[in-house]
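Before anything else, here's the structure in question.
By letter and in written order, the chains are A, B, C and D; residue numbering begins at 1 in each of them.
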Amino acid sequence: MIPNAAEIRKLSVLSFSWLTVIFVAVWGVCWLVGILIPALLANSSFDFARAVSEICEAITPLLAVMVFIPINAMFMVLMERRVLALFTRRNGPNRVGPDGALQTAADAIKLLLKEDITPTGADAAMFTLAPIIFFAPSIFGAIPLLAAVTNNNKLFQIADLPTGIFFVLAASSIPVVGIVMGGWASNNKYSLMGGLRSAAQAISYEIPLVLSIITICLLAGTLDVVSIAKQQSGGILNWNILGGGALTGLNKAIAAFISSAGPPIAEVIKTYYPYGWLSLIGVIVLCLCTIILFGIYLIGACAEINRIPFDLPEAESELVSGYNTEYSGIKFAIFFLAEFTNLFIVSTIAVVMFLGGGDCPLPTWLNPLSYPAVYIPLTNILSPILSLLIDKIHLINPDTFWAALWVILKTYSLVFFAILVRGTLPRFRIDQLMDFGWKRLVPITLVIFVLVAFARGVINFHV
Amino acid sequence: MEQFELLTNWAQANVESFMLYLLAAIAIPCAFSVLFDRAIIRSGFFLIGVFGAISGLFLILQAQFLALAQIMIYAVGITLVVVIALMLTNARLEKEFSSIEPTERIGGLLVAALFFLTIYLALRSESWPVSSLQMRADNVLQIGVALLTNYALPFEFASVLLLAALMGAILLAKSDPKETENVTGSLVE
Amino acid sequence: MTSIQSACVRKVKQKKVAIDTQVPEFKTDEMIINLGPQHPSTHGVLRLILTLDGEVVKHTECVIGHLHRAQEWQGQNRTWFQYQALIDRVDYLSGMFTSWALCAAAEKIDGAVVPERAEYLRVLVAELNRISSHLLWLGTYLIDLGALYGFPFYPFIEREKILTFFEEVAGQRMMYNYIRIGGVQRDPKASWFKKVEEFTKQFAQRIDEYEAIVTENPIFLKRTKDVGILNKEVAMAYGVTGPTLRASGVAYDLRRFKPYSVYPKLEFTVPVYNKHGDTWDRYMARVQEMRESNEIIKQVLDMLPEGEIMTKKQNAGLRVKAGEGFAAVESPRGVLGCYIISNGSDKAYRFKWRNPSFSNLSVLPPLLENRPLSDIMAIFGSLDIIIPDVDR
Amino acid sequence: MIKENENVKAMNSSAVPVSIAFAVVVVGMVGVYVCGHLVVWLQNLGLNSFASYPELFVFIAIILLAMLAAAMPGSHRISIISIAAFAGFVALTYNQEILIKYLSLAALLFSIGMYGMVASRNAVRVLMSIELMLNAVNLNLVAFARYVDPVHVRGQVFAIFILTVAAAEAAVGLAIVLAIYRNTATVDMEKFNLLKW
């Protein structure tokens, strides 16, 4: 039936094992540093030990990001190559390690050992600074998201950020400075053109990107990433991609219809949709608007992180490799790492803002685990092991586990989509890119912003 | 252990000024480099350092929203526009004209130094009504409410100003082939 | 100050004053960029010296000769037998055609009659080769347009099949040396024909697949429509041939207008795109040509007669009678001509090749003028140039 | 794409001035501690008005040392000036309240921007200096909002307005510079006298 079923099977095994490794590594390190060491030091009488345990707890989120980013980027590069090979019916890298699983690790080692060349006439300081400026924001940007995607686990809260999504957006706007800086400092015309293109592109596409996110913030009524993710819990009907809670009333009404003990349906509908047909129009408008917004966000994000079809700054067939033409060795590795990390972070933002964060897509009334008849026997069977792991040594936090699992699944679906796009589309030309950004996306987003502001008035949200 | 306690207490009391000096140590050299660096595009990049350090100061001052806006608008937006303007204008001309007359330079230096000293002495002699209250964590909300109630009129003016500036900038930067033909003849010496 | 005053006064006096000749014009620096010889998308070692104003190309200078191998001189210093093996390296994507042009010219001098089965076999392998060459072009052209990793390798699946056919019949995947003076080298087995027949059945579907992905893709249309428009007159003045010329609206195909071999007996149309002559038309011309070639192969498989395949003995003493002769074939890139002066010895006295890529490349500078940098690859790729074919 | 290699050359031959600049920092740090004794000494002499500004003496010493260092041949002046300015800033504000530290930093940045406005001839650099000054003002306002008016954060609201005006100013200013550059092929401020007759 499927021509390359064997390849697909291999790829899924590969992905599963890599994701397990990432999961275990990040969680293991965080548990060790954030829970085990503080727990061991808690009973100590030395002040110094207390200070150490405090420091350990404080650096856990940072450590999680630092462990996660390189391993994850390695897996993403491998996945991209294998998936593209699948699309074009080739074999991807399959020599290093079992079925090519260690190919990117080998690449990384090779890049680290390569000579680090600074071209003649380059501005050495700026040339070195550029990859750092390109990479550092992705770490900072990941931190507020970390709390949102782990169901607000205490371990991963670095600070209370009431302006979380704004923080992420500010962080994600910095890398373009690194690109321009690297392009200028390389003393290479191709690099310079890549840098200039990148600046123009990033400034133009940041507007639809930020506007789409701001519209979602308008729907949610807050800038805090954690509470935006929390609001959407309760299945796909509550997600921001479907009207951002415009369908919450419907969700509640169905739940009330199914369970006989709930409030009457008419009352539920009356509370959520107080204006009758006006509310109905509002719901339809909101659903359409948010779906379009999701598309606009994906387009803007693609342009922001220079993926095909918007990869003009590093257009390989025109500008050789654009801004990173002159880079080699570890600096190139950092550029490469940051590129894939940015892809992941952008997808995570999409998941948190549109796809419900760590929420199970099934509505509560469809989810078998939400019925006591199912989960009580299940927990009874598993309790001897689970209570040890959960309550005694705090190895597992079930909420965090499920949230992280769903987030990883959703994020990797988006990454897969990005790879699919990369495998299909040619590249825009720079003037067409600008036209598309300014004449199509910006007006559409502005109109949607106004529509959403009005439509939100006729529906009750998340009561 | 007492010393450790003392140390931690001292650190907690002085962490803000320590951070201030750290960021000042970034901001001041970057500001000087903006003025004196001979490769002018590099001085454009140093401007990012100044803005970044000031945004760090805003974070210490618990103005989160302003700090992030500072990064987005100044450190990325404006600086990139400045750098692109530097690349578009011929940077090589700077070299020819970089030596300004020493009298002007010394005059400027004197004015700037005297200005700083005056301000500093004025600051010192003043007793500031420092409030002991802590700031509320959600001052974004406060700013938003203030902008739409007490400061609604300036807010509107600001938006009109932005719109006018946007249109004016586009008109100014647009090269109109018909106009330039006539204007070039009369404007150039 | 006075000059400004006077200028303004002058402007008031005579309203339509011309620009003062002494006034320095606003000068922008033009950037000179070396595109190549190591650039990833010049398909070899072509060097383009581009003068850019911003991202707009103002002037192009093609520097060729990085891959010059003196193929004509080598032909004069090698025996016929040796040169037969060497010549399909000129155009490494369609080696059958260079061999065929050489053999046709030599046979014209020699008066050697090629057996009919050999003629049919020549047409068969040549059309297969045309398809494989266009398939490779399709993949690399999409790389030029930026579809870097996905689609480009897709046509290679079919190309791989064709190369396997050639390997079976000629022993080589790229440098075939299959068409020889006086016939063809080897008669393929019956099973080979069956495989080719199966391939032709599938291939029509495959082209539909490619077209479904590429032809109506909005980004592809944006990048190729109205880009690099090559007028009929310009194309003919520069001596452009092949699909590039036919996309400009000139139905010039040697197979139809100066028929050689068994082409008169075959039914096929010469696809002409008299729309604009832009890059999209050139793409369509090649896609249509693949369909036509597929039809030709089907017919040849039906009409293939039994019989001899070679009239001359193939050994080191291979000689061609004294005389002069010219023969041209329609290669995937255009008219490929070979002119030979033979003095009857085991070496030719003089060779002269007419290579289509050389003339097609010469039209590049006028096409690139006032186009943005991104269009260079869209236009250059659509001309389908093989650098060894340019430099020989 | 101009690269200045002169800086690199200067760096190599500036070991002595840099060590002097290091001395500047040491003097600044030591001076802060000496100040306390200086105050007592001056008060004993009966110079109470001078005694109220002891940091100024350290500041002047630092400036003199820095001028000496900057006058050395082949010195890397930007680093020496910046180090001296930072050391002077520390010396001036070390014993002050936190609010005054912010305000004096803002004043310092403002005067740097002021000097840049007067002394540079490249129009874009003048614009950069103006941005610097606006930022210094913003810093003032935010510091006031934090320490004087933490309840209604009026300083931050005004800072937002200044941000808006600065963005507009940058856009229009650069557009004007580009327009003039297009017509006169120069960004030299001295040549920008088109409105003068």
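Note that in this section contacts are C-beta pairs under 8 Å (C-beta built on N, C-alpha and C of every residue); 3 or more make two chains touch, one makes a residue touch a chain.
Everything numeric in this text was worked out from a predicted model, so none of it was measured.
Asks: If you take the mean of the Cα atoms for each chain, which one ends up farthest from chain D?
Replies: Computed centres place C farthest from chain D.
Asks: I want to compare two interfaces, B-D and A-C. Which one has more contacting C-beta pairs?
Replies: B-D
Asks: For chain B versus chain D, what separation do you get between their C-alpha means, in angstrom?
Replies: The separation of the two C-alpha centroids amounts to 12 Å.
Asks: Can you check how far apart chain B and chain C are, centre to centre, with Cα atoms defining each centre and the answer in Å?
Replies: 58
Asks: Could you put a whole-Å number on the gap between the CA centroids of chain A and chain C?
Replies: 46
Asks: Find the geometric centre of each of chain A and chain D from their Cα atoms only, then give the gap between the two centres in Å, rounded to an integer.
Replies: Whole-Å distance between the two chain centres: 41.
Asks: Mark out which residues of chain C touch at least two other chains, giving numbers and ranges.
Replies: 1, 4, 24, 26
Asks: Which chain A residues reach two or more other chains?
Replies: Correct list: 123, 184, 189, 192.
Asks: Could you tell me which residues belong to chain D and also touch two or more other chains?
Replies: 3, 182-183, 185, 194
Asks: In the complex, go through chain C and note every residue touching chain A.
Replies: My answer: residues 31, 33, 39-41, 55, 142-154, 156-157, 213, 217, 219-220, 222-223, 372-377.
Asks: Can you list the residues on chain B that touch chain A in the complex?
Replies: Going through chain B, the ones touching chain A are 1, 4-5, 8, 39, 41-42, 45, 48, 64-65, 68-69, 71-72, 75-77, 79-81, 83-84, 87, 137-138, 140.
Asks: Enumerate the contact residues on chain D facing chain B in the complex.
Replies: Contact set of chain D toward chain B: 2-4, 6-7, 53, 77-79, 81-83, 85-86, 89-90, 92, 96-105, 107-116, 118-122, 124-125, 127-129, 131-132, 135, 138-139, 142-143, 145-154, 156-157, 159-161, 163-172, 174-179, 181-188, 190, 194.
Asks: What does chain A use to touch chain B in their complex?
Replies: Touching chain B: residues 46-48, 51, 123, 126, 160-163, 166-167, 169-170, 173-174, 176-177, 180-181, 184, 192, 196, 199, 203, 223 of chain A.
Asks: Within their complex, state which residues of chain B touch chain D.
Replies: 16-17, 20-21, 24-25, 27-29, 31-40, 43-44, 47, 50-51, 54, 57-58, 61-63, 65-66, 69-70, 73-74, 77-78, 81-82, 85-86, 88-95, 97-98, 100, 104-105, 107-109, 111-113, 115-116, 119-121, 123-124, 128-131, 133-136, 139, 142-143, 146-147, 151, 154, 158, 161-162, 164-166, 168-170, 172-173, 175, 180, 183-184, 187-189
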